[in-house]
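Look at the two complexes coming up: chain A is in both, with chain B in one and chain C in the other.
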Partner chain A sequence: MRSLFDFHGGVKPDYHKEASAQQPIAVAPAPTFLVVPLHQSIGGMPRPLVAAGEQVRKGQRIGAADGNLSAAVHAPVSGTVTAVEMRRMPHPSGLFALCVVIENDGREVWIERQPFDIHAHSAEQTRAYLRDAGIVGLGGAVFPSHLKLAPGKAGKLDALVINGAECEPFITCDDMLMRERAAGIVRGIQIMRELLLPTRVLIGIEDNKPQAIAAMQAACAGLSGIEVIAVPTRYPAGGAKQLIRALTGIEVPHGKRSTDYGVQCFNVGTAHAIHAAIDLGQPLISRIITVAGNVESPRNYDVLIGTPMREVLALAQPLPDTDRLIMGGPMMGVAMPGDEVPVVKATNCILAGSKNLFPPPPPEMPCIRCGDCAKVCPADLQPFELYWYARARIFGKTQEYHLFDCIECGCCAYVCPSHIPLVDYYRFAKSEIWARETEKEAADRAREHHEFRQQREERDKQEKSARLAAKTAAGRERAAAALASVTQTEAAPSPATEARKALIAAALERTRAQQVTPANTTDLAPEQQAEIAAIEARRAEIREQARPHLPPDN
Partner chain B sequence: MHNSPYLLKPASVQSVMLRVLAALLPGLAAYVGFFGMAILVQIALASATALAAEALILKLRDKPILLFLGDGSALVTAWLIALSLPPLVPWWLTVLAVVLAIVVAKHLYGGLGQNPFNPAMVAFALMIVAYPQLMSRWPAPGAADFATQWQMISGAAVAGLDALTSATPLDALRTALHTAGSGASVASAISAAQGSTFGQFAGRGWEWVAGGYLLGGLWLLQQRIISWHLPLAFLATLTLLAGMAHWIDGQHFAEPLFHLFGGGAMLAAFFIITDPVSAATTPRGKLIFAAGIALITWIIRSFGAYPDGIAFGVLLMNIAVPLIDRATQPPVFGHKDSAHRDFDHGGPS
Partner chain C sequence: MLTAVLVMALGALVLGAALGYAAVRFRVEGDPLVEKIDAILPQTQCGQCGFPGCKPYAQAIAKGEADINQCPPGGEEGIRKLADLLGREVKPLSAEHGVEKAKSLAVIDENLCIGCTLCIQACPVDAIVGAAKQMHTIIAAQCTGCELCVPPCPVNCIDMQPIAETVETWKWKYPVVDIRPATARAA
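For the complex of A and B:
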C-alpha cells in the first residue's frame, strides 16, 4: 500500500449510494423528440450545421466547434431536425439557449463509424478529432478534453490522475461505469498516455467502492505504470485538485494549469468516451446518469444527450411528493427550472428532491465565528471571513481572502451551526466582481474611444485652419509654407506637438497605472476566462430574453 | 427554494451552547459540594436576568425573540458570570453584571456574533473595579449554612461576615507575600493556612472545582466544540511562566500547579477564552491569543493589585484579535509558499 497525501478539511455526509448501485446500468429508451443544446462545454458556442427540415443520422455532427476552446455536438439519433431554436436550459436561472430539436425516426441509422488510428495521425490531428467528436470532461466541468491532452510548460508529465473517486452523495454513475466497463476506461487511459506520455498513471477511487476498485485492478492487470489507489472516503475527495493532492501531494493553485505542475486529471467517464471515439468511431452522444433521491427505484441509465429529464426520471418512478429536480449531487448540484430540460454532457445525476429528503434549512442565525467552516474547507480558506466581507459587499477584501480559490464544494455551509447559506454569498460576490469588471472594461473602451476622437478632432481643426490660411489672400508662398508645416506636422511632428503628445501619453499611463486590478482575476487560466465569457454570454442571453420575444430567423 | 448544498449537518448554535452548559456541570457539582447552594441561587438569578434582558433588547431591536432566546448564548454568558463572581455577592450585583454583559457588551455592539469583547469578562471587570469590597465575598469551605448564604445574597446585614467568607487562594497568597515586614514565603504562607484556605496543591475546595472544569473542558474537546489550541496554549504558557519564576525564586513565586488550580485558570482555559465570537480564529492566532492572556494573567497575579488577572487578560487580548487574525492567515491551497506574504502586504481594497 502506497502512502497517501492528505488534503485539508472535507466532510462525511450520509452517502446514500447503495440504492442506485444495486442493478446494472440500463439503456434508457430513446425519446421521440430530443433537444440537443449546441453549447454543452466550456468555451465557444458551436455553430449549428443543420437547419429545420434536414435529415440527420445518428452520430452526425450538428454543431461545429467554435475555435479551439470548444467541442462539437452530434445528433444522438437518426431523424429529422424539426427546429433550431431557443429552448430552456438545465441551468438554475432557466435561461434559454440555441438547441437542435430532432424528431427520432427510430431507425438508428448511424453515420459511417471509423476507428481513428492515432498512430497514423499526429497528436495535433488526434486532438482535433477528439474536439470534433465532442469529447468533454464528464465529471461535471465539461472542459474540452483535447485541450488537456497537450503537454504543459513543465514538458514532462509526472502523473496522469484518473478520477474515479465520485465523492458526491447519491451519485454512482462512475462507480457502475468502472464495474461494468473497466476495459473501455483502461483503453481510454492508454490513448491518453500516448498523447501525454506520463511517467505514471494513478487511478483514484474512494474506498467505499470495493467492486469498482476490483474491476479496475483486474482491467489494469499486466499493465505497467498504472496503479489503482483506494483513497479514504471523504467529500470532496473527487474534486480534481483534492484528488491530485491526495495521490501526488501536488497542489495546483487556482487559475493555474495542472500540466504546468506535471500532472493532469481526467474523469473515468471521459476516459471511456475517448475510447469510444477513437476505437469505435462513436462521438459523444450518450452518457451514464444516476437517477436517485426521491424515487421508487434508483438506478443508473445510459441516456442519450438531449433526452428530456422528465423521461429519464420517469424510468425510476419518482415518488408523489417530489417537488424539485437537481442536476448533480446534493452538495454541489443545481436545481432545474423544469423537468422538460434536456440531459446534457454535464448531467451526471438527476436527483429527485422533496421536502422530506432535503428539508429547507432552519432560519439563518448570525455567524458566531466558531470556525467550523475553516476546519472543513478543502481550499484552506477562512469561509467566515469571506462571508463577512461578501455580506458587507466589500468585494476587494473577499479577493484578498482568496474568494476565487473557493471551489463551491459546500462543506462550509454543510457544517455551519448557524445555517448560513455560505456558498450563496460566495456566488453572489463572484458574480458581482465579474459584473464590475465587465463594466470597467466597457468604460475603459469608451474612454479610449473618446480620447482618440478628441485627438482626431484637434488634428482636423489644425488642418482646417491651415487650409483656410492657404486660401486667404496672403499669397501663394505663405499658403504653401503653411501647408508644408502641416504636412511636416504629419510626417515629422513639430517639437510642440510632440511635447503635447508625450504629455497625453504620460497622463494616460498614469490613469492606467492608477486603475486597480483586482488581485486574483489577473492571470486567469483559459478555463476561467472561458467561464467568465460563458457567464457573460448567459447574461447577454438573459437580457435578450427580457426583450419582447421575436422568433429567431433560423 | 434554497440552493446547494441540500444536505446539512444536524448542528445548531443551540446544541453548541447546551453542550457548553452541560460541560460546566462537573465543576458546578464540586462547587456546590464544597461551598454550598449559594452558587445555584446565583446561577438561577443570572439566567433569569439574562433571558429577560435578552428578550427586552431583542424586542427593542425588532429581532425574532424566541429564535434568539433559543440559541442559548445568553444562558452561557449568565452561567459564566455567576461562576466568575463570588457566590455571596448581593443579588443586585449579579443582576447588574448580567444586564451590563447582555445589553452593553453584547447587544450594543450588534448582538450575537458581533461583540468584540467577551461579555462575561466585561461584566466581571466592571464589577471588580466598581465594587472591590463586595467582590471579595468568597465563601470559606463549609462555613455557612444555606440560610446564612441566602441572607447575604438577599442583601441583609450578616453578623460575623469575616468568619463566613474567605480569601481565595490566590488572594491569600498575594496578601501574605505583599504584607510589608511579614517576611513570608510561598511555603510559609501556604503552610500557615493549610487545610483552611489551601488544599492539597492549590485552594481547598477550589482545586476540585477547577478539576471539574478540566473534566468538562476535555469533554468539549472530545466533542470538537472547542479546538485544542486555546486551552493548551493558555495552560502551557501559564505553566511555563509560573514554572520559570518559581524555579528562579521559589520564595516569592507560586508553583505552576497552584496557578493552574488556584484561581479561574481552568474555567478560563476551556470556557471563557474559547468564546468563539471574541477569540482569535486562525490556528496560529489562537495560540498567540491564548498565550497573551496567560502572560497578562500571570503578570497581574504576580505583581498586580488584583487577586486574579484573567478578565483583564481576556479583554486586552480581545481587542488585539483583528490584528492577530489578519497577521496569521493560514496559507491557501496551492499558495503555500506565497499566500502569506501577499496577504501581509495587503491587496487592493
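For the complex of A and C:
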C-alpha cells in the first residue's frame, strides 16, 4: 500500500451514485435527426466539410480542425445532411451556433475503418491522426487531447495520471466505463505511454467504486509501471490538480500547469476514445452519459453525439415534475436553455431537476467573512476576497487573488452560511476579464493599423513632394537653357526677369501643346461656316457697343 | 587636506559621469504619460473627441488641453480608468461629444457599392478593401466601428450593424438577487 497525499479543503455532499450504477450501460437508439455542433472543443471552430443535401457515412469527417488547437467533428450516423445552420447550443447562454443536421437513414454504413499503426508513423503523425479523429478530453474540459500527448517543456514526463475519480454526485459514467470496458481503457493508456514515455502510470479512482477498482486492477494485472490507486472519496478529488496532489504529492503552484512539473492527466473516457480511434479506426462519435436526477430509472447510456437531450432523457423516464435540465452534475453543471439541445462531447451527465430535488436556494445574505469557504477551497484560494472584489467589479484585484486558479467546483457556495452564489460571481468576473482582454487586443491591433496608415500617408506625401520638386527643377533647367540661347543672340537687360519670362514662355508652350481643338469646328459645311461668321459678326457688334462700359484694357 | 579634496573631487567626477551616462543610456523616448493614456483609449480613431485620433487626444489630455470625458466609445469605464490614472474626479460623458453606444460593425451593401473608394480613404485603420470601380468590402476583424466611412459614401450603402453575441463572446451576467414582492409572502 502506497502513501497518499492530501489536498486542501473539499466537501462531502450526498453522492446519489448507486441508482444509476445498478444497470449496465445501454446503447441509446439512434435518433432520426442529429444536430452535430461544429464547435465542440476548446480552440478554433472547425470548418464544415459538408453541405446540405450531401450523403454522409457513419464516422465521416464533417468538420475539419481549424489550426492545431482544435479537433475534428464526425458524422455519428450514415444519412443525408439536411442543413448546415445555426441551432441552439447546450450552453447556458442559449445562443445559436453552426451545426450540421443529419437525417439518419438507419443503415449504419460506416466509413472504411482501419486500425492506425502507431509504430509505422511518427509521433507527429499520430497526434495529427488523433486530432482528425476528434479526440478531446472527455472529463468535461474538452481540450484537444493530441496537444496533451506531446512531451512538455520539461521534455520528460514523470507521471501519467489517469483520472477515474469521478467525484461529482449523481455521475457514474466513468465508473461504468471502467467496470465494463477496462481492457479498452488500459489499451488506450498503453498508446499514451508510447507517445509520452512516462516513468510511471497512476490510475486514481475514488474508493467508493470498488467494482471499478477491481476491474481496472484485473485489466492492469501483469503490466509493469501501471498502478491502480484508490483515493479517498471527497469532492473534488477528480479535479486534475487535486488528483495529481493526492497521487504524486506534487502541488502545482498558482498559474502553472502540471506539465511543467512532469505530470500529465487524462480522463478514463479519453483513454478509451484513443483506444477506439487507434485500434478500431473509429473517430469520437459517441460517449457514455449518465441520465439521473428526477427520473424513474437512472442509467448510463452510450449516446451518439448530436442526439437531442430530450430523447436521451425520455429513455430514463423523467418524472412529471421535472422542470429543468442540467448538463453535468449538481455542483458544477450548467442549466440547459431547453431540452432540444444536442448531446456534445462535453456532456457527461444529463441531470433532470425539479423543485423537490433541487429546491431554490434561500435568499442571499451578506457575507459575514466566516472563512468557511477558504477552509473548503481545494485550490487554496480565498473565496471571500474573490467574492468581494468580483462583486465590486475590481477585476484587477480578483486576478491578484488568483481568480483563474478557481476550478468552479462550487465547494465554497456549498458551505456558505449566507447562501451566496459565489461561483456565479467568479464566472461573471472571469468572463468580464476575458472580454476586456479581447477588447484590449483589438485596440492594440487597431492602433498598429492606424499608425501604419499614418506612416504610409506621410511617406506618400513625401514622395509626391519629391516628385514635384524634381519636375520643377527640370523645368528650370530647360528655362535656363532657353535663356542661354536667347542671351547668345541679344544682350539681356536683367537675367532674373529674362529667366522668369522664359519660364512663363515654357509654361505657355506646354499648355498650348496640351490644348485640343474642339472636334466640332473642323470639316464644316459652307452654310455652317456662314452661320458662324454671322454669329461672330453679331458678337463683335455687341462688344463694340459695350466697349465704353468695360474697364480699359491695355 | 589635499587628499580629502582630491578624493571628493574624484568621487564627484565618477558619480557625475555615471549619472550622465545613465541619462543618455536610459533616456525615455516620448512622454510616458501619453502612452499610458493612449493605452486606455479604445483606439477607435473616430475623432468624436474633437481630435484627429486617439493619440492626439491622449496628448491633449496629458497637456491639460482636453477633458477626460470626451470619448464616447471608451464610455463610462474609460472615463473611470482615466480618472484613476490622472487622479481626477470621475465625470459623466460630455453630451456634446456623443453618447455611449454598443459596439457595432460597418457593413457594405455590396449590391449598391459603386466602387468610389471614398470610404477607403476615410477608414483610419485600413479595414476596407477595394479599388476604383470595384466592389468594396469590410474586413470585420479590423473594423473599429468608428462610423467615419458612413458620411462619405455617395450611395449610402454602408450600414452600422451591432455586433451579435455568440457562444464564444457571451458573458456570465452579474448575479442579481431575486427580490420577491411582499404580496407573494402574504398570499
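Operating definition for what follows: the second predicted complex is superposed on the first by the 438 of 554 C-alpha atoms of A that agree within 3 Å, B and C clash if a C-alpha of one lies under 4 Å from a C-alpha of the other, contacts with A are read in each partner's own complex, and residues count from 1 in each chain.
In this text, contacts are C-beta pairs under 8 Å (C-beta built on N, C-alpha and C of every residue); 3 or more make two chains touch, one makes a residue touch a chain.
Only a predicted model underlies this, so the values are computations on that prediction, with no experimental measurement involved.
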Self-check item: First, second, both or neither for A:G371, with chain B first and chain C second
Solution: first
Exercise. Go through the superposed model and pick first if A:R447 touches only chain B, second if only chain C, both, or neither.
Key: second
Exercise. Classify the contacts of A:N267 with the two partner chains as first (chain B alone), second (chain C alone), both, or neither.
Key: neither
Exercise. Based on the superposed arrangement, let me know which partner A:P363 touches: chain B (first), chain C (second), both, or neither?
Key: both
Quiz prompt | Partner chain(s) touched by A:H8 [first = chain B, second = chain C, both, neither] | solution = first
Quiz prompt | First, second, both or neither for A:D424, with chain B first and chain C second | solution = both
Quiz prompt | Residue contacts with chain A in the superposition, chain B compared against chain C | solution = B
Quiz item: Who does A:Q60 touch here: chain B (first), chain C (second), both, or neither?
Solution: neither
Quiz item: Of the two partner chains, chain B (first) and chain C (second), which one does A:T248 touch, if any: first, second, both, or neither?
Solution: neither
Exercise. Under the contact definition given at the top, report the residues of chain A touching chain B in one complex and chain C in the other.
Key: 92, 363, 421, 424, 427
Self-check item: Footprint of chain B on chain A - complex, ascending
Solution: 7-8, 11, 13-14, 92, 169, 241, 245, 251-254, 256, 324, 326, 328, 330-335, 353, 358, 360-363, 365-372, 374-375, 378-382, 384-385, 394, 396-397, 399-402, 405, 410, 413-419, 421, 423-424, 427, 516-519
Quiz prompt | Of chain C, residues touching chain A in the complex | solution = 38, 41-45, 53-54, 124-127, 142, 144, 165-175, 177-178
Practice problem: Give every residue of chain A touching chain C within the complex, in rising order. | Solution: 39, 89, 91-93, 95-97, 363-364, 421, 424-425, 427-428, 430-432, 434-435, 438-439, 442-447, 449-450, 452-453
Quiz item: Taking the complex as given, what residues does chain B use to touch chain A?
Solution: 1-9, 11-13, 15-16, 64, 67-68, 71, 73, 111-114, 227, 276-277, 279, 281-282, 325, 329-336, 339, 342-343, 346-349
